[in-house]
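Have a look at these structures, which come just after this line.
Two complexes, one shared chain (chain A), two partners (chain B, chain C).
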Partner chain A sequence: MALLEKRNLERYRTLASVKTNSSGFPLYPPKASGIKGQRRLITSTGIFVILAFLPWLPILGWFTIFNPATNYGLGNIAYVFAYAAAGVGFNLLIGYSGTLGLAHAGIFALGAYGTAILSAPQECLDYDTCETIIRPAVAGYGWPFLVALPVVCIVAALIGALVGFPAARLKGFYLAIATLALGELIVKLISLDAKLWSGLKTNSGTGKQVPIFELFGSGQLKSAYFISLASLIITFVAYVIYTENRLGRTLKAVRDIEIATGPLGISGTYYKLVAFGLSSFAAAFAGAAWAQNSAFVNPTSFRTRLLVFLLVVLILGGLGKLWGPLIGAFVFVYLRQEFQDQQKLLFFLIGVALMLAILLLPEGFASLPDRMRDSRWVQDLRRRFKSAKVSS
Partner chain B sequence: MSTQEYSGNTSSTPPLTLDDLHVAFGGNRVLEGVNIEFAPGFNGLIGPNGAGKTTIFNVLSGYVKASSGRALLGDTDLDTLKQTGRVRNGICRTFQSPKLILDATVMENVLLGMHTAFKYGHASELIRFPAQRKEETRAREKCMDMLEEFGLAEDAHKETGDLSLGSQKIVEVCRALVGDPSVLLLDEPAAGLGADDVTILLKGLRRIVEESDLCLVIIEHDLDLVTTMCPIIYVLHFGQIISQGSPAEITSDPAVIEAYLGSGYAEGGDDTQGEPNAT
Partner chain C sequence: MSDLLQQIVAGLEAGSYYALIGLAIVVVMKSTDVPNFAQAEMGLMAAYMCWWLADGDEIGWPFWLAILVGFAFAAVFGALVQFFLIRPLTGLSNQPLAILAAISLGYALIDLFQDNGLPFFIDWIPGLGGGYPLGVSLVLAILSVPLVYIFMKKFVKKMDNVDHFPLLLLTIGLTFALGSLIEIFFGNQPQKFNTPWSGNIFNIGDTRIGYDQVVSIGMGLAIAIGLAIFFRSKWGVRMRAIAEDGTTARLLGINAGVISLLAWAIGGLVAGAAMTLKGGSTVLELGSAEGLILKGFIAAVLGGFVSLPGTFIGGMVVGVAEAVAGGQISTSLQPTMALLIVVIVLFLYPDGLTREAKLREV
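This part shows the complex of A and B:
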């Protein structure tokens, strides 16, 4: 035992730049040195670089729905990113703080409408004062998009925390119902804005045209694509940093040992509000990106259906898994586009997919590699491979 | 070992005083006029199950409001402080069953005990300034020293759920200690621990108490442990202190023998078998 300990200590010491205490015990979880220790950073960077260059890459070309060479495919991938970004925020709230807050559809709507209205040009019906006529239907407050976006996200985060305030005292079903109602209320309140009432009348309510922000003249679709990708990358990076540091473990404490947080000096209510705020920020950002992509927002887009979609994305991908939301969003958008003409069949299929996921892959598609590795079949294969190697 | 850090609170520990403390849940009177002055060092709190021992801890850590009477930390009335405020004033506690995050590492669990010691907020955590990283490293160093003191340094980066119940209880004690408490309330720290673990735990606690003027209150059913560790013991029975004094005084007090120790104890059995209500 002593020998083993000594050997372990020596191994820790030989690892480069390992911080230890005075007797040589490592302060951080031991990580493999060199490239192996940075595997996750390298894969994440690689995946995001590929996604960034996807519009110019011929891969996925055989896949009509996600073919980046067409406007249709590019738009679909952008939707995937927006849903995944909202899913990442949702993951922090449900997976880490353990609070089932369901106001996300409302916050998503806040992001979409907020940026649309703030960044739309101001109303102008007189040729003498303006070059082009801006009818009330498309008018807004004339803010630059890059100013409107952070303002909307921060306001949404504050509203999210506000929604969380009564909710932080509730648990389980009561919390779910309360936040669901508050989310619906947000959608209702949004449509009270005067500029919205004069929006475009559609069958299902008053819609609003979204002024498209063009990113460095890269074209409308590509800039929507990049804004969506940016929303995903920003939420993803923030999620990784937060969950691996102090906030992550504190939120876990609120989730698992809430009763004991008081004598640790941790305020459970405060941290629940922080989780609500952060996930609302992500949802609003995703909503803004989604609106840029869809170019038209309508209150019905944000009803409970959107919430169900987000939950489906999360459960299909894997709750609490890092890549879960992205994988789930790909699967979900694929299903939605493939069966968009048969809405009833779509919902039937989503239901079946959910049931199968819960039965066969309760931790979602993101857990598939782990499940494969741990399966008896693969382990048997590996054993045979090893014994064949030894005998030869 | 840099155990000097734990003796940081050089100012005299404010003695913890319970002044005529009453607690009632509805008609059920749990504490009826408890007067105790806990001194720095080991204090034992024993009594049969349901006597109100844990309720005293719950009052001190803010779970239960006293119906009358006061609990004083030095000159501060604890009633005026919220739970987090009590921690900042140096009251830490452990629980009968360990309350740990099972899917986090031991180190992360112990780091939770230093929550109030972190200066940097969560907004700057996203950028992680060098000073903030240094703060985290220093905190981890302190936690690692504490874990090493209690023989758990090898397990620091294991998942807490993989540890035995005994080790988990020690982890909880470590978590309470890294917060530099001036008053530490241990609720049955030795229940479920193996003999080796108990030795390590007591050795560590003794060392820390010697080096600082920590006021340690132990609820424990293992009478041997309490009598060897605590120079002063309080016996609680039906919400009242029926006896207090040195171990010798307690074990020979007829009221204590009748209420808690059982007649077998007085007849010379030095084991705890005569303890009628021990779990």
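This part shows the complex of A and C:
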């Protein structure tokens, strides 16, 4: 036994990349080298390259709802990306760190409103010289969109970390209620009177036109599409990098055995706050992309209902799964567009889908391949196949 | 001064609705450990039922008969939700759910087979195209019923010790489904539910107080006291035993299924009473459940999810604080008051306000 350990130790030491602690023991087992270790990153990149060229590819044409050749379909795909990006951030928080932070609707609203207000042209009193036809009530600060976006996202991440502070003291259900209240509070603050927030000029909660940012003059929908795609790619890459490295493992450890990680010197609070911050960054980015796509924001669209939509996206897709939010967002946007004219039926179906997902597929659509592979029937088939091969 | 008194009375009235919803949540939470997000929506369903039975344009029964039947419906509906949906997630049988799913899907399939209502991605499958005569589609639907039953029976796992999150999500799904069911059955127009005492007002000094408000506050208090007495009775003690330690209680011969059925019936009844009172005092509308459920949860949090008096007082405090802050300081503060209270309280007392709550955490 001791010999084996020693040999393993030697092997670990020869791998330069493995971090060891002061007594020479590896902190975590080495990653598989070469392409094998990077497989997740490579598949993701490949799929994103395809997604980036989607508007010019003839596939998906038989989906009316997702037909990228039409403005309607392109907008829907952009919604899918935005919801999926918010879902990936949510996944990091709920699925990976196991923290029930439900303030995401508020952070999403913060991203949408923040970018809209910062990038709106400054109030101009002389209407003849104004190029845009935006009403004075929605005038903002006139920042370029590409400056406003990162600023808003970083501020949202800080606010998200602040919202996460109850996580240090509260557990489970209490935390869910506290963060739900804080998220609602953010939406309420956004929709407060213009008197109180004269600088923000949110038009006292009646909704607000979003100044459109056009990427290289490619039109509103195409640029909204690319901003949404960018938000998805960035959150995806961040998710893959963080969950495959130290942070992801620590978050998992804090989630599963917080009693043990404390005495080891790992601050559970710190890691939870990092998770809150990262997921808020993703939510704000997604909110900004969503606002660019819908071109109009209204505080009522960020109420608890949006939170439920995000939960549906996450749960249908699969909690803690990389591709879960994207699958869930596709299903959700499909349902929403298919039953657009029958709102009653839509909410009924969303409710039933959520219930069935909890009862039948608690790990979501993304877990279906795994479940199929592990099912008795498939394993039996595989065994038979193997034995047939051996005997021949 | 009279303004303040008026606001306090209005606050007590609103607070009694919050407190009742909170009490319903606590009763369900105490006995089955399910955070029921759909409680207000279930109550709203019963309130609409009462209105539908009593309203002259619809059925036109006498008021008290309609109330009696509506409240019975509330209790039965609560029990049905537990029987069909919550059972498999609390380690009991999944058979009722499978039967319900099979029958309702079979019923929906008759429609789908008859007219081409299938979405595009399955209508190319031979036999699923639609447009069959009634007989054929009936046979096809009946044939599919056992398949659905077997599927549900096999794949809905009986789960024990499910944590709160999936249960919360399940009830959120139920909220959505119920909301649209109410809209389908009763329409989406706000309805005035007339009670014998509605519209009558008396004065104390300069303060005008409606009989609605007195009835709401009184009923809230009466139900809270009734629940407190119930939890000291034989069945109440059994309920507490199941909540405290389910396995031991079941080993001692307490029927967990019946107890949790009873708890859900009581929860449904209390929530139904709350929503009916609110409907009688203001109007019945679809959006009213969404606002109430959050306040109900806040009241339940203030009571630590176990304490009945704590929940009742919490709900009242939230209601009064909202009304007074809205009237005396700024109207824009009113909707944020409850949220501020819960955030501050949870920061200061993360273990809950009462001694009982602390015991539970240990």
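To be clear about the criterion, the second predicted complex is superposed on the first by the 308 of 392 C-alpha atoms of A that agree within 3 Å, B and C clash if a C-alpha of one lies under 4 Å from a C-alpha of the other, contacts with A are read in each partner's own complex, and residues count from 1 in each chain.
Methods note: a contact is a pair of C-beta atoms (placed from the backbone, for glycine too) under 8 Å apart; a residue touches a chain by one contact, two chains touch by 3 or more.
Computed from a predicted structure; not experimentally measured.
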Contacts of A:178 with chain B and chain C, given as first, second, both or neither: second
First, second, both or neither for A:375, with chain B first and chain C second: neither
More chain A residues in contact - chain B or chain C: C
Contacts of A:360 with chain B and chain C, given as first, second, both or neither: second
Partner chain(s) touched by A:71 [first = chain B, second = chain C, both, neither]: neither
Touched partner set for A:43, first chain B, second chain C, both or neither: neither
Partner chain in contact with A:348 - chain B first, chain C second, else both or neither: second
First, second, both or neither for A:246, with chain B first and chain C second: first
For the chain C and chain A complex, residues of the former touching the latter: 35, 85, 88-89, 97, 119, 152, 155-157, 163-166, 168-170, 172-181, 183-184, 290, 294, 297-298, 301, 305, 332, 335-336, 338-340, 342-343, 346-347, 350, 352
Residue ranges of chain A in contact with chain C within the complex: 94, 100, 166, 169-170, 172-174, 176-178, 180-182, 184-185, 188-189, 192-193, 196, 303-304, 308, 311, 315, 338, 343-348, 350-355, 357-360, 362
Chain B residues touching chain A - in the complex, by the definition given at the top: 1-2, 61-63, 83-84, 86-88, 91-93, 95, 99-105, 107-109, 111-113, 115-116, 118, 122, 125-126, 128, 136-137, 140-141, 144-145, 147-148, 153-154, 156-157, 175, 179
Chain A residues touching chain B - in the complex, by the definition given at the top: 5, 8, 19, 21-23, 25-30, 238, 241-242, 245-247, 249-250, 252-253, 256-257, 259-260, 262-267, 274
